[in-house]
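Okay, got some structures for you below.
Each of the next two complexes has chain A plus one other chain: chain B in the first, chain C in the second.
And now, the complex of A and B:
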């Protein structure tokens, strides 16, 4: 091996060791665990794909998947809302810097704090219902009803995280050449034409990036909010796979079954990561 | 009626006044070039005409209509940018037809208009390509084509050749001149390159620090500049300037020689500047000698750099190829000499 290659391996080795110990090994261990009937701290016996078969018929898991599909179906809102606000701020609406800071502020709050705030606001005698009462709308049990709990949760998570997407869009907008915008204005483009024909196509790589990152984010970082606001309920109406893993592992002491759910979630994430890499490669060719 | 008129136009960015009261009329079909050094306000003035910059005061009329407050798309103008400003996600045809699409022109008619513009610019084979697959020169043609398809009242060009290499710049310059002849359109062209200005313009507007220094035909500015700035800016190599004193009402002394000038007014006392172009140091008049310190050989002609009375001078030499150190006889031709007062204004 040449000295250059030895030096390269010496620099790579610490990262490779850390990835192997903390990423690859737990993944393999989790895959093995998912094929056992482990309970509590007992290792459990090999049961093949039994956990996966059980998953297919587990109503809680099926509910968590249907909740996930509903969550992913709201993705356009997670992307379009910050995009629209970013465009308006970029166009120079009065107080744009204030809005930018205000919108980003919730992104620095922990999900427990966000959950505590909205626990107070969304309860039956909370500020939201009090405000609705002023305009003659009957109070709703936002977090206690299976019809509204998941959408309330989505709305809270959107409020808490859209500032980050907005910031990414603002950074993307700053790279759209001003000359191109001016050329379009001279060509007769009004704001709506500018947004639709020029800005959105120019931001396509950023939009795709935000879509993928947001999807991964909402599938893997809503645990804290669910824990504080609804604990997965009422029933399983706000249970997501991530929360179910914790329930099976932490409450029901079934690490083998929890590992099987983890592997399904991992497969979903891997699919999204693959899509992300494909998108980035495609844009790199443009 | 003028196709475009600017009346008392000013522009301030914060407390800085970058355009200071510009008055200008441009006739229909005229090719006018704005020139000046960097930061003189020529691009700002063009952008104000386009509506991309607001006007602090004054009025802008296009075809008799006051457009001072109008949006860019309501001014019936088209602009070609230095950076081309093409839409990268659209094909050449879509780029050229974008304005027509926004106007609601039907696709077949749009295609016909785009094809006609492409034919004029000889870019028909490129219509289905994206800008990323074009060379710099081709992109600039597409940008011009985008302007043509709109049939604007006024074409604006903002340093359109600056991103092209020297050979392509000359070629595209000729094409723009041909295009102007073919279309007979009113064109305003911004450049800092005075060769472009001299070769393209019907009239040149020389700007400095947000003010118009002189407006005139290229040859008028070259032969008969109003002030030191214009005399120095127009012409390459630039005019030689020698500090002189008046030795009589119409006489100056330079390098020990006396020149009698045909002036309509007597010369003032105090410091004056004598201007002589490098190619005008011949003919009849008192002789001086220039020792060549540096010689630029251009083949047909040579430029000898030296000093007269300690002042740097460039002389064009034809007929033989001077060498460094050679003493070159020059003539201070009074009929070609220009005199400027202490304030930089021309004395005639």
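And now, the complex of A and C:
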């Protein structure tokens, strides 16, 4: 081995070791655990793909996947809402800096704090229902009814996290060539023309990036909110795979089965990450 | 150099002599348990010079996950605390036989497989209905005469509903605990001893007439307007109990030990303003000595010895100390627990409500049905009960879903 290669390996070694110990090894361990019937006290016997077979028939898992699909279906809102606000702020609406700071503010709150705030607001006798009552609308049990619980969770998570997407869009907007916008304005383009024909095409890579990052975010970081706001209920209406993993592991004492759900979630995430890399490569080629 | 060598040897010697025992729990950081833990530690360390006991408090909601991981990797604590019933039973395989040490303690069935006792109970736990005497009086009811039959309870709730000041029962079912408490409270009087045993084994199905009648009663009481709207978004611990203490519920199904019990309600609302009764049930078949309803009662929490621990004999001694009347007397006084050890002096615990309840622990004790169900069944009950309260499922469908989980849990 040449001295250069040795030096290169020496520099690479620390991160390779860390990745192997903290990323690869747990993954392999988890995959191996998912093939056992581990029950907490004993390491568990090898049962092949039995856990995965059981997953296919588990109504709770099925519900968690259909909830996930519903969640992903709301993705356009998660992207368009901050995009629209970012464009308005970038166009220089009065008080833009104030809005930027205010929108970003919830992003620095932990999900438990956000959950506690909205628990108070959304409960049956909470402030939201009190306000609705003032205008003559009958109160709704936002978190206790299967029809509204997941949508309430989505709304709260959107409120808590769209500030980050907004900042990314603002950063992206600053790269949109100003001369093009000015030229279009001189040609008589209106705001909607600017948005549709210049800003959105220029922002395409950013929009795709936000879409992928948001998808991963909503699939893996809703736990805190679910835990505080609904505990997965009513029924299984707000149970997402990550909450189910916790339930099977902690409450039902089935690490093997929980590991199988984790592997499915991991595969889902890996698919999305793959899509993300593809999208970014495609844009790099443009 | 010679001195250094000698000093090192001496140091090694002393470390070899010093022994450490580790205890896991979710209680030792609780101020109400501090004096109990301190008393047990002092007593044990005084009796065993050179031995140090370390109490490690784990987060409550992660407790069994952490314990399971530690036990399966062989690095578990010497002694650990657990809840009686399903949680304890799931860990019998990791525990030593404490039958010889358990003589005279109450609440043993939740910590034993019938032949061998695997952990020593510290507290006993149970459910009674606590009621707000003022709300009873306001509704024209006699606060000195709480209901003893289902029909009387229905009348009480009708009167309270007619008054309109508060719902008849404060109800929190966000985590499904409201339903859990309701099921056990009714099962205490609606099931025979044999049926309770069959239910624990998974042989009495949720779709059996008895269990369906309990689920139906849950739906009926909802339909009769016994609970406030929004029970599914109200946490039992502690939103429901705070509602009760604020006077926003005339009754609540509460506990006998630890929290949400006679001491907490008495401290907050005034001991003279609350009372307790055993939850009546429709079609009761098992009745107490006084002809009234039964009260679900079970071993609350208990300590067991890890079979794989380094010094099982020493750990067994420690568990004996933890279950001893001396330290537990402090726990009873500070936290208002009902001790599983009958030798504990409870004369310092004076409360008119406790005076009412204490005799029932012997004259009206029934198994706590839900504590004998599997963890998976309870989770399914939580989910189905929320759908039942929302009117999103029927009793038949809920029972069928529970049957499926019950069959699976008891098959494997």
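Quick note on the criterion: the second predicted complex is superposed on the first by the 286 of 286 C-alpha atoms of A that agree within 3 Å, B and C clash if a C-alpha of one lies under 4 Å from a C-alpha of the other, contacts with A are read in each partner's own complex, and residues count from 1 in each chain.
Basically, a residue touches a chain if its C-beta (ideal position, glycine included) is under 8 Å from a C-beta of that chain, and two chains touch if they have at least 3 such contacts.
In this text, all values refer to a predicted model and were calculated from it rather than measured experimentally.
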First (chain B), second (chain C), both or neither touched by A:250: second
First, second, both or neither for A:122, with chain B first and chain C second: second
Chain B versus chain C as contact partner of A:271, first or second or both or neither: neither
Partner chain in contact with A:197 - chain B first, chain C second, else both or neither: first
Which superposed partner A:26 touches (first chain B, second chain C, both, neither): neither
Winner by number of chain A residues touched, once chain B and chain C are compared: C
Contacts of A:182 with chain B and chain C, given as first, second, both or neither: first
Chain B versus chain C as contact partner of A:76, first or second or both or neither: neither
Chain A-facing residues of chain B, complex: 50-52, 71-73, 77-79, 81-83, 85-89, 98-99, 102-103, 132, 146, 150
Of chain A, residues touching chain C in the complex: 37-43, 59-60, 122-125, 139, 141-146, 230-236, 247, 249-253, 255
For the chain A and chain B complex, residues of the former touching the latter: 177, 179-180, 182-190, 193, 197-198, 201-202, 204, 286
Partner chain A, residues of chain C touching it in the complex: 61-62, 64-65, 67-69, 71-72, 90-91, 93-94, 174-176, 228-234, 375-376, 379, 382-384, 386-387, 389-390, 392-393, 401, 412
